[in-house]
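Heads up, the next two complexes both have chain A, just with different partners, chain B and then chain C.
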Partner chain A sequence: MAVENLAVQPSPGASFVSRHRSALLGALAVALFFAAWQAIFLIVPLNPLFFTTPSLIAAGYVDLIESGDLLHDLAVSAVPFGLGLLAAVIVGVPLGILMGWRVRVGYALDPLMTVFYASPLVALAPLLVIFFGVGVSGKTIIVFTLAVFPFIFNVAAGVRAVDRLLINVVRSLGGRERDIYLKILFPSVLPYIVAGARIAVGRALIAVLVGEFFAASEGIGYAISRFGDIFAIDRMFACILTVMVIAVVLTEGIRRAERAAFPWRASQ
Partner chain B sequence: MADQALDLNVAASAGRFVTPALRQRLESIALGTATIALLLVVWQLLPHVLPMQQGTRLFFTVPSRIFATLWQMFATGTIWAPLGVSATAFAIGLALAIAAGLPLGILLGRSATLNAMFDPFVTAFNATPRLVFLPLVMLWLGIGLWSKVAIVFSGALFPLLINTHEGVRNADKLLINVVRSFGASGWDVARLVVIPNSLPFIVVGLRLAIGRAILGVVVAEFFGAQDGLGVVMVRAASSFNVDVVFAGLIVFAALSLVMTGLVKIIEDRMGRWRPQRAGGE
Partner chain C sequence: MAAYIQARNVKLTFRPPNRAAVSALDAFDMDVEDGEFLSIVGPSGCGKSTFLNVLLGLIKPDSGEVRIRGKKISGPGSERAMVFQEFGLLPWRTVQHNIELGLELKRTAAAKRRHVAERLISLVGLAGFENHYPHELSGGMKQRVGLARALATDPDVLLMDEPFAALDAQTRDLMQVELLRIWREARKTVLFVTHQIDEAIYLSDRVLVMSKRPGRTKKIFDIKLPRPREYEMRVTPEFNDLKLEIWNTLKDEIVI
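The block that comes next holds the complex of A and B.
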C-alpha cells in the first residue's frame, strides 16, 4: 500500500501541492474522519458508556499523561517486548543461517519449523502464562515464541539467495568456513533480517497484548482491558490510539530503514 | 562437483532408478520426518529421564497422552460442538472479509485519489494488531459470535484488500490500452485484463487471510466468548488439563495447514507461468 508509484514522479519544479498530492490527500482524509466523528455527536446524542468523541479522547490523553499512567504502562509493556525480540534475533538468526547454509540441517528442520510457523502458536499463551507466570518472564517467552519464526525463515531464505560466485571467490582466495559466515553470509542476510523484523514486530505486539489481556496488573494491554471493564471509553480509545501509533511507527520505520539501507530490495 | 559425481555413480549402481534429484527429495523427506519423530520420542521419554517435582508434573504431558486425548475428543464427539462454533465465526468473518476486501481493493487500485485518501487508514489498521480492538468490540457487540466475527473480519480484510490492490495496480498498461483501442468499455477492461491479472495476487491474499482469520478466532475466543474451541482450551489450561490445550492447538494447526496448503496448490498452479510472484505478508 505504501509503495510509491514510480511512474508518476512529478518534476522537481512542480508546485508543492502536486508534489505531495497523495500525502496531502491522506492527511485531509484523516482530518475529515476526525472532524466527522466529532460533528456526528452534535446531532446524535452521545452515550458515553459506549462511544466517545475525539475531544473527549484528547482530554483522556491529557489525564493519562499528567498522571504518568500511560508512560508507566508503556514502559512495563516495552520490557518483555524488547527482551523477547532480542532473544528471537539471538536464536533466530544463527539458526536461520545454519538452516540455509547447511543443506541437511535445512532438510531436517524445515518441516518442523513450518508446522510451528503455520500453527497459531498464540494458542499456547494460556499454558505459557500458567508455566511462567504473568510477569516479565511469561510475556517475554510468549513474545519470543511468536517472533522467532519470521527471523528463522527470512534468514534461511536470505542465505539460500546468496551468490555462489562470492563463496567460490572467498574459497579460491583461501578463505575458511568462518570467513564465509562472517564475510558473506552475515552481511548478505542483513536485509532479510530487517524484513523478518518487520513481521516479527507485529507478532510481538500481539504477544504482549495477549499476555496482558490474560492476566496482568500493569502494561498497555491491561490498561485497555481495564478501561473497557470500567466503561472509561475515552481513556480506552487513548490507549488504543497509542498502540496504533506505536505499531505504525515501528513497522513503517523499519520499512523506511529497509528502503534507505538496502535500496536494491525496495521492490519487495 | 565431487558430490555430484558421487551421486551419479550411486544412481548408476542403483540401476538408474534413483536420480540425484530423487535422492535429494528422499533425503529431505527422511531427515524432516526423522527430526519430528526424534522430538516426539525425546518428549515422550523426558519424564522417565528427568526427575520432576510434583508441581511440575501437574503441568507436564507427553505426546501419547495428548494424542489419546485428541482421539477421545473425536471418538466421543465432544469436539464437534465447540469446533462448529469456532468454524462458524471463522467462515462468516472470512466471507465478509472477501465480500468487502475484493471490491475495495479493486476500487483503490483503479483510483489514485481514493487510494491516497484511504492509505493512512489501511496502513494504520494493517500495522496494528487487531487484538487491541477486542475489548472495544466486546463492549459494542457483546460476548459471543459477532465479536469473534468482527475480529476475524478485521484480521482477514487487509491481506485481501492489499493484495487485490497490488494485483489491480500491476495490470499491464499496454494490455489495457490495447483493449481500450479496440473499443472496450470499463467493464470489459476489468473482465479481460484487470481481474485475470489480479487473481494470483488475490489467491495469495486469501492464503494470508486464512492464517489471520484462524489467529483471530483463537484470540477472540480466549478473551471474549462463551463457547468455541478456544474457550475449551482456556478452561482446560486454568484447570491444569494440559492435554486438552495441546489437542486444541493440534486441531487449529491442522486446519490452518490444510487450508493454506490447499490455497497454495491453487496458487502454484496459477503462478506457474508467471516469472514474478505476488507479494507476501
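The block that comes next holds the complex of A and C.
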C-alpha cells in the first residue's frame, strides 16, 4: 500500500543550483535583460529626453523613496484598488453562484456578461469619471467594473463543476440543503474564487492606472503620467517597474497560496 | 413473515427533457433476508443501479414500494448507506474527516466521531493514513475509505454499486477478500451490484440476475459454497458450473 505521490522531488543531497534551477534561470534572464538594456546605450548614443537606462532608473528610485512620494502615491492608489476588489468579490461571488446554480439565470445572463467581460471596459473610464468624479469613488467604480467579471465567470464555472456525486453522497447520509451548500458547494467553489482573484488583481491594477491617467492629483498612475509629461523618464520607469513588481508579487502570491491551500487541485 | 427488505411492483421511468422516456424498472420484485449478502447482476442499463438509488431513497419510484423491516422507504435514512463506484470522497477532506461525514451530518459530537472513525480506520486497514487526502491514495485505499464512511453511521443495510469496478483486477480480488472479512465482523445486510459473475458468486449468499431494460428479476441463484469463503473455491468445478449457469441466464439479456 504505497502512497501514489510521484511528483519529481530532487533528493535532499542535491546541490543548491539543481534544487533551485527554475528560479535561478528565471532570475538570470531578468538580470541579463537589464544588463543588455544598460549595455545597448554604451554603443548607441542616448537621448536622455526620451530614453533611460537601468542605472538612471535606480537613481530615480532612490529619489522617490527618499522623498516619500512613491510610498504616498502607492498608498493613495491602494485605497480604490482594495475597495474595488472588495466590491467585486461581494457582488461577483453571489452573482456567479446564482448563474451557476440556477440554470435559467445562467442562460439569461451569460451572453450579456460575456459581452462585458470580453470588451475593453477601460474605454468606459472617462465616462465613469464624469459620473462618479475624480476621487476615490470614481476610481473604485472603475476597478470594480473591470474586476467583477473574473469573479462572476469563475464562480459560475465552479458551481457548474460541482461533482453531483458528492451532492448525492451528502443527501444519502441524511444531509439537508444547508449541508450541501456548506459541505460541498462552498469548498468546491472556493478554489475558483481564488483563481478569479488572480485574474481580477491584474485587471484591477490596470483599472487604477487608467483611472488615474484620466483624472487624479495623486496616486501611482497619476505619477506615471505626470513624470511622462515632464519627460522625467527615469522616475516614470521607476513607477512602472514598481507596478510591475506589485502585479507579479500579487498574482504569484495568489498562485502559491492556491497550491498550498488546495493541494487536491494541483494534482488534477 | 415478510422479508427484511421487500420490493413490490417497483416501476420507474426516466423522462429526460428533449429525449424519449426510458423505462428503467417495471414490475420489479425482490426479497432480501436479514444479514444476507445478495448480489445483483444484469446487463448494462438494466436498472440495477437505479434500484439501489431507490433503496437509498435518492430516487422515488413512479409506483410500487420498497419496505425495510416493514417500513416504507420515503427518503434517505440512517439504516441504509451506499458505497459508490466512483468513491465519492470529498477531495478537501482527509481520510479521517471523510469517514466522519455521515456522523457530522447527524450532528454527532466530535469526540464520538473521532472514536468511531479511528475504529473503522483500523477495521478497513488504513491505520497511518488518517491525515492523508484522497488524491494521495490508491484506488483500493479510496474505496476502503468509501466503505468505512458507509459503515460509520452503523447502517443495517449496505448498498454497494459496483464498488470495485474502478479498480484493477488484482486490487479487486484483494478487496473482495477484505470485504468478506469486514462483512463477517460488521454483520450487515449487503446488496451488491456488479457486472462480474465470479465476484457475485464468490461474495454472495444469493445472486439475482436481472433482465434487460426495463429490469425485472429473471432468476435467483442460491450459492451453497461454505463460509468462510476461500480464494481456492474460485477454481473448483462447482464454482465454474455455477458461473456457466449464471452466464447462460444472463447472456440472452445482453444487447451489444
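Just so we're on the same page, the second predicted complex is superposed on the first by the 244 of 268 C-alpha atoms of A that agree within 3 Å, B and C clash if a C-alpha of one lies under 4 Å from a C-alpha of the other, contacts with A are read in each partner's own complex, and residues count from 1 in each chain.
Convention: a contact is a pair of C-beta atoms (placed from the backbone, for glycine too) under 8 Å apart; a residue touches a chain by one contact, two chains touch by 3 or more.
Remember, it's a predicted structure, so these values are computed and weren't measured experimentally.
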item: Partner with the higher number of touched chain A residues, chain C or chain B; value: B
item: Which superposed partner A:Val30 touches (first chain B, second chain C, both, neither); value: first
item: Partner chain in contact with A:Glu252 - chain B first, chain C second, else both or neither; value: first
item: Touching partner for A:Leu109 - first (chain B), second (chain C), both, neither; value: first
item: Touched partner set for A:Val243, first chain B, second chain C, both or neither; value: first
item: Which of chain B and chain C A:Ser22 touches, first, second, both or neither; value: first
item: Partner chain(s) touched by A:Asn168 [first = chain B, second = chain C, both, neither]; value: second
item: Contacts of A:Phe131 with chain B and chain C, given as first, second, both or neither; value: first
item: Partner chain(s) touched by A:Val122 [first = chain B, second = chain C, both, neither]; value: first
item: Chain C-contacting residues of chain A that also contact chain B; value: 1-3, 5, 268
item: Contact footprint of chain B on chain A as seen in their complex; value: 1-3, 5, 8, 21-23, 25-30, 33, 50, 104, 107-112, 115, 118-127, 129-131, 199, 202, 205-206, 209-210, 213-214, 221, 224-225, 227-229, 231, 233, 236-237, 240, 243-244, 247-248, 250-252, 268
item: Chain C - residues contacting chain A, complex; value: 56-58, 76-78, 80-82, 84, 86, 88, 90-92, 101-102, 104-106, 125, 129, 132-138, 140-141, 153
item: Contacting residues of chain B [partner chain A, same complex]; value: 27-28, 31-36, 39, 59, 112-113, 115-129, 131-136, 138-140, 162, 165-166, 169, 211, 214-215, 218-219, 222-223, 230, 233-234, 237-238, 240, 242, 245, 248-249, 252-253, 256-257, 260, 279, 281
item: List of chain A residues in touch with chain C within their complex; value: 1-5, 163, 165-166, 168-175, 179, 183-184, 187, 262-264, 267-268
